[in-house]
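Note that chain A is present in both complexes that follow, paired respectively with chain B and with chain C.
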Partner chain A sequence: MYGWEMLSFNIHDGFLEAIVRGNRSGLLTASDYNNLCQCENLDDVKMHLTATEYGPYLQNEPSPLHTTTIVEKCTLKLVDEYKHMLCQATEPLSTFLQYITYGHMIDNVVLIVTGTLHERDVNELLEKCHPLGMFDSIASLAVAQNMRELYRLVLVDTPLAPYFSECITSEDLDDMNIEIMRNTLYKAYLEDFYKFCQKLGGATAEIMCDLLSFEADRRAVNITINSIGTELTRDDRRRLYSNFGLLYPYGHEELAVCEDVDQVRGAMEKYPPYQSIFAKISYGESQMLDKAFYEEEVRRLCLSFEQQFHYAVFFAYIRLREQEIRNLMWISECVAQNQKNRVHDSVVFMF
Partner chain B sequence: MSSDSSWASALVRISPYTFSAIGIAVSIGVSVLGAAWGIFITGSSLIGAAIKAPRITSKNLISVIFCEAVAIYGVIVAIILQTKLESVPSALMYDAESLRAGYAIFASGLIVGFANLACGVCVGIIGSSCALSDAQNSSLFVKILVIEIFGSALGLFGVIVGIIMSAQASWPKA
Partner chain C sequence: MAAATEEHPGSTGFVPRAAEEVEEVHEANEEERLGRDDDGDEILRFMDSVDGHLLLMDSLSPALRRGWIDLAGARHWIGTSRVSSTLFDHKEQSAATKVQVVDSADLQSSEPNPHFVLSKWHLQEKSNSNDAVSAQDNTKPKLRFRGSTTFPEDGSHEADVAPAESWTGVDTRSHVQRARSKALSVFGALVSPKLRTSQISFETALELIVELANSRSNMLASFFQIKDG
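Moving on, here comes the complex of A and B:
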C-alpha cells in the first residue's frame, strides 16, 4: 500500500538502501568533470581519477594507458558494488537487482552472435562483453546457426528464456534479423520488468513505472529513427514498440508511419515531457537527440533519490554509474585524440 | 445496573481489576513495541550509511535515544498505574466508583501505549532519514533533529494525559 512501506521497508532492505545512498555520494560531480575535461593526456586523467573513488582500481595500471583499460576498470568497480549488494539482498530485492542486468545479458548475447556471424574469435568477443550480463554458458552461443538452435542450446537455461517466445524462427541469423531479435527481446524484458514492478506496489511501482515508461518511449523513438530508410516494414516496426509508456498506443500509431526525423518530432511534440526534449534540438538535427534523452534520463534518475523506502534507488544508481562510465569513455577518447573542444558534445553532468 | 440489554450487563459485570490489568499491560507492551519499531527503522539505515560516512554514528545515536525514551515513558506509567491498584471489599466490587477507577486505569494505559507507539514509529522514520541526509550533507543534521524533537513530544503528551487520567482513579473505601 502506498505510503505505509516506511513501516516495514527497513526490516529487509534498510541496510542496502543506506549502502546504495552512500555509494551515490561517490558519483563524480561537475567539478570532477571540469578537472577531467582539462586534462592534457590519459595519464592526467588517471591521476584525477585516482583522487576519486576509482583510486584503488586505477592506481596499479601501468602507463601507457588505453581508454579501454580505464573503462574496463571503472566498470569493474560498478560490478563489485553490484555483486556486494546482490549477495546481501533478500527477496524481492534480489530479483529486482537481477532484473536490472537482463538488459546487459541481451546485449552480450547479440554481441556474440553478431561477432560469430562476422567470423570473429569467441574469446575476443567474450572480453568485450559487459561483465554485469555474463552467464555461464555464454561461450557456447558461438555454435548456434539459427534462433531455434540458439534457444535450445543455450538460452533455455538462462533468465532470458521467457522472452524468446516471440522471436523463435528457423531463419538463419543475419544482421537485420539480429537487430530485430535484440529489439524483440528487449521489448519482452521491459514489459516483464514493468509487470514485476507493478506487482511490488507502493512507491517502487510508481517511480519504476515512470522510469521504465521513459525507457520504452525512448527506445520507440530510437527504433523509429534508426529504421527510417531501411527495409523494416511499418508493421514490423510497430511490433517492436512496447505495450506501455506515455506513447502507447496512439503515439505508436503515429511513429509507425514516420518517414523522417521532422515527422517524428511532430508526433512527439504532442506530449509535454517530450516536447521539452525536442525543443532543445533544432530542426533537422538528430545527433543531439541522444544527449537530450540522456540528460532527461539522468534528471529523472536523480529525482528518484528524493524519496526513501523504495527500490528504484538501486536501479537509478546503476544507471547513473553506467552514464558516468559513458562520460568517462567520451572524455578519455577526446583527450586521447586531442579533440578537447568536442568534449561537451556528449558529457552529461549529474550534479 | 439496568437490565435492559444483556450486553450492557455483561460489560459492567467484568471486574474492574481486569480492565486495570489490561491497561497496565498495554501501557508497557505497546510502548515497547513502538520503541523497538523505531529503533530498528533508524538502526538499519544508520549502520548502512555509516559505512561510507563514519562520522555520523555518534551524533545519530540521538535518534535511537529518543526512541528509547518512549519505552521508558511506558515503564514509568506502568509503574505509576500499578500503584493505583487497591483492594475493595467484594460488596463494592461492581459499584459505580470501582468501575470508574478501573476504567480510568484502563484508559490511561491505552492512551500512553498508543501515543508511544505512534511516537516511536515517527521518531524512527525521521531518524532513518536523518542518518541518510547527514551522511550526504552534515549541515542537515541539526535541522532534522528539530523535527525529531517535535515528534518525540507526542509521546510526552500521551504520558501527561495518562497520568492526569490515572490521578483521579480512586477506589471506594469500605
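Moving on, here comes the complex of A and C:
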C-alpha cells in the first residue's frame, strides 16, 4: 500500500468498490464472445445477450434489430450503473467519477456544433449524443457562431469552462477549427484529470497516472496518423499533444514531423512499452493498430483490479464496459453484413 | 432447241443468262454467308457483353463489402457518434460527382442504347468536349478479350481518372485527394485511415455500377439486334 489507504478507504468508498468489483464479474467472457461470433443474424445476437446482464435492456426490442439499437441499449446499462455509483459517492470519489464523463461531454459539444454547422436539426443531434456526456444547456450550443460565443453563452457554466482558455477565438467555426477545438479541449481535460489524480495520491495516483499517460500517448499517435495528408500543420499538430506521458517531450517532437505510418513506427519503437504494440502490425499498415492499442489498454485496465483501495477500479470498469460495447458493435456489424470471417479483427477479449 | 442452245457454251446469247444465274446463285450464297457471319458476330458480341456484365457483377460485391466493413471499422475506432448520417451536410452545394446519361439522340450513331458517363470530383468538367466523342466511341460494343480487367481490385483510381488535357498527373492526384478530404470532412478534419479506405472502396463500387449500366445497355442492344435479325 502507498498511503495507508487500507486504514480509511472503506469508510466512505468501500461499498462502492465492492459494487464495482461485483459489476466487473458481469463482463462478458470469452465463452460469451464465442457464442456471439457464431450467430447468424442480429436476432441470434439478441437471444444470446438476453441471457447476460444486458437481458433486461434488449428483451423488449422488436425485430428487425439494428446494430445501433444494440449499442444504444447496452450503453443505457452502463449509464444506469454509472448513475447508481455517482449518486452514492462522496467527495473526492464523486468528482473523480464526474471527470470520467468529461470526454463524452466534449464529444457531445463537438457533435452539436458540427451538426449545426451542417444545418441539421438540434433534436436529431441530441438523440445521437452520448448519455454520459449530457448537461442541461447542451441544446443552446446550436445558437453559437464562434468559439467565443460558445463559451460565453453556454459552456461558461459547465465543467468544460476551464478547458476553453486555450481555444477561445472569434474565428468562425469550420471543420478544421472544430477539430482543433475538440483536441485542444481533450488535451486540457486529460491534463486536468492527471493533476487531480496526482493530488489524490497513493495507489490512485500511481495507477491512474499510468492509465492516463497511455491515453495521452495513444491520442498523440492517433492525431499523427489521422493528420497525415491533411492541412494540419506540424506546429498545430504539436500543439494538440498532451504535456505528459511517456512520449512527452521527445517522442512528440518526432511524431510532429512524421509523414507516414512507417515514420510513426520508427518514433514509437524507441519506447519499449510500445515496441510490442507495433510488433503486431506489419510495415506500412495501420489497420490493425487500433486493435493493438485496445488490447494494451485492456491489459492495463484489468491489472488495476489486482490492487485494492483505490479509485482506478471505477475508471477501469467504465472503460472496460465501453470496450465491451465496442466489441458488441463490431460483432453485430460483422453478423449483419455477413462477414463473420472479419469478426476477430477488432474484438478484444478481457480477463 | 432452247435446251440445246442453253447447253452450248459458245453461244453468246445464252452464256450470260446461265452465268447470270450462276452469279445470282453465287451472290445469294454470298449474301447468305455474310448474313450468317453477321449473325455470328452479333451473337458473339452479345455473349461477350453478357460475360463482361457477369464479371463486373462479380467485382461489385467485394468492393461494396470492403467499403461497408471498413466503414464499420472506422465507427468502431473513432466512435459511432462521429461517423453517423446525422452529420451529413444539408447545406446546398454542387455535387462533386455526377452521372451523365448520353441519349441516343445526341449521338451520330444509330445505336438505340443510352450511355452513362461518370464525372468524379469535378474532373471531367474540364474536359467536357471529349465526352460526346468518348461516348460515341463507347456505344458500339466491341469484342472484349478476357483477362483485361476494367478496374484494379485494390481500388486504386489514379490511373482511371480522365484528366483534362491541360492538367498534369500530379495536379489531378492532388485535386482528387483534396476533393476526397473535403467529402470526408463532414465527419471531422482528422478521420481514421479506415474511413478513407472505405471511401475509396465505395468510389470503386460507383465506377463499377456505371460500367455495369453501360454493359447492360450494350447487352440489350446486342440482344435486340439478334432478335430483329
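Note that the second predicted complex is superposed on the first by the 349 of 351 C-alpha atoms of A that agree within 3 Å, B and C clash if a C-alpha of one lies under 4 Å from a C-alpha of the other, contacts with A are read in each partner's own complex, and residues count from 1 in each chain.
As a working rule, a contact is a pair of C-beta atoms (placed from the backbone, for glycine too) under 8 Å apart; a residue touches a chain by one contact, two chains touch by 3 or more.
Since the structure is predicted, the reported quantities are computational estimates derived from the model, not experimental observations.
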Superposition on chain A - do chain B and chain C clash or fit: fit
Once both complexes are placed on the shared chain, angle at chain A toward chain B and chain C, C-alpha, multiple of 10 degrees: 160
First, second, both or neither for A:Val71, with chain B first and chain C second: second
First, second, both or neither for A:Asp175, with chain B first and chain C second: second
A:Arg21 touches, of chain B and chain C: first, second, both or neither? first
Touch count on chain A, higher of chain B and chain C: C
Superposition-derived minimum Cα distance between chain C and chain B (Å): 30
Interface residues, chain B side, partner chain A - complex: 37, 40-41, 44-49, 51-53, 121, 125, 128-129, 131-132, 135-136
Complex contacts: residues of chain A adjacent to chain C: 68, 71, 107-108, 110-111, 114-115, 118-120, 124-125, 127-130, 175-176, 178-180, 182-183, 223, 225-227, 229-232, 286-287, 290, 326, 329-330, 333-334, 337, 339, 342, 345-346
Residue ranges of chain A in contact with chain B within the complex: 6-7, 10-11, 14-19, 21-23, 25-26, 308
Footprint of chain A on chain C - complex, ascending: 65, 68-69, 72-73, 75-77, 79-82, 84, 86-91, 177, 181, 185-186, 188-194, 197
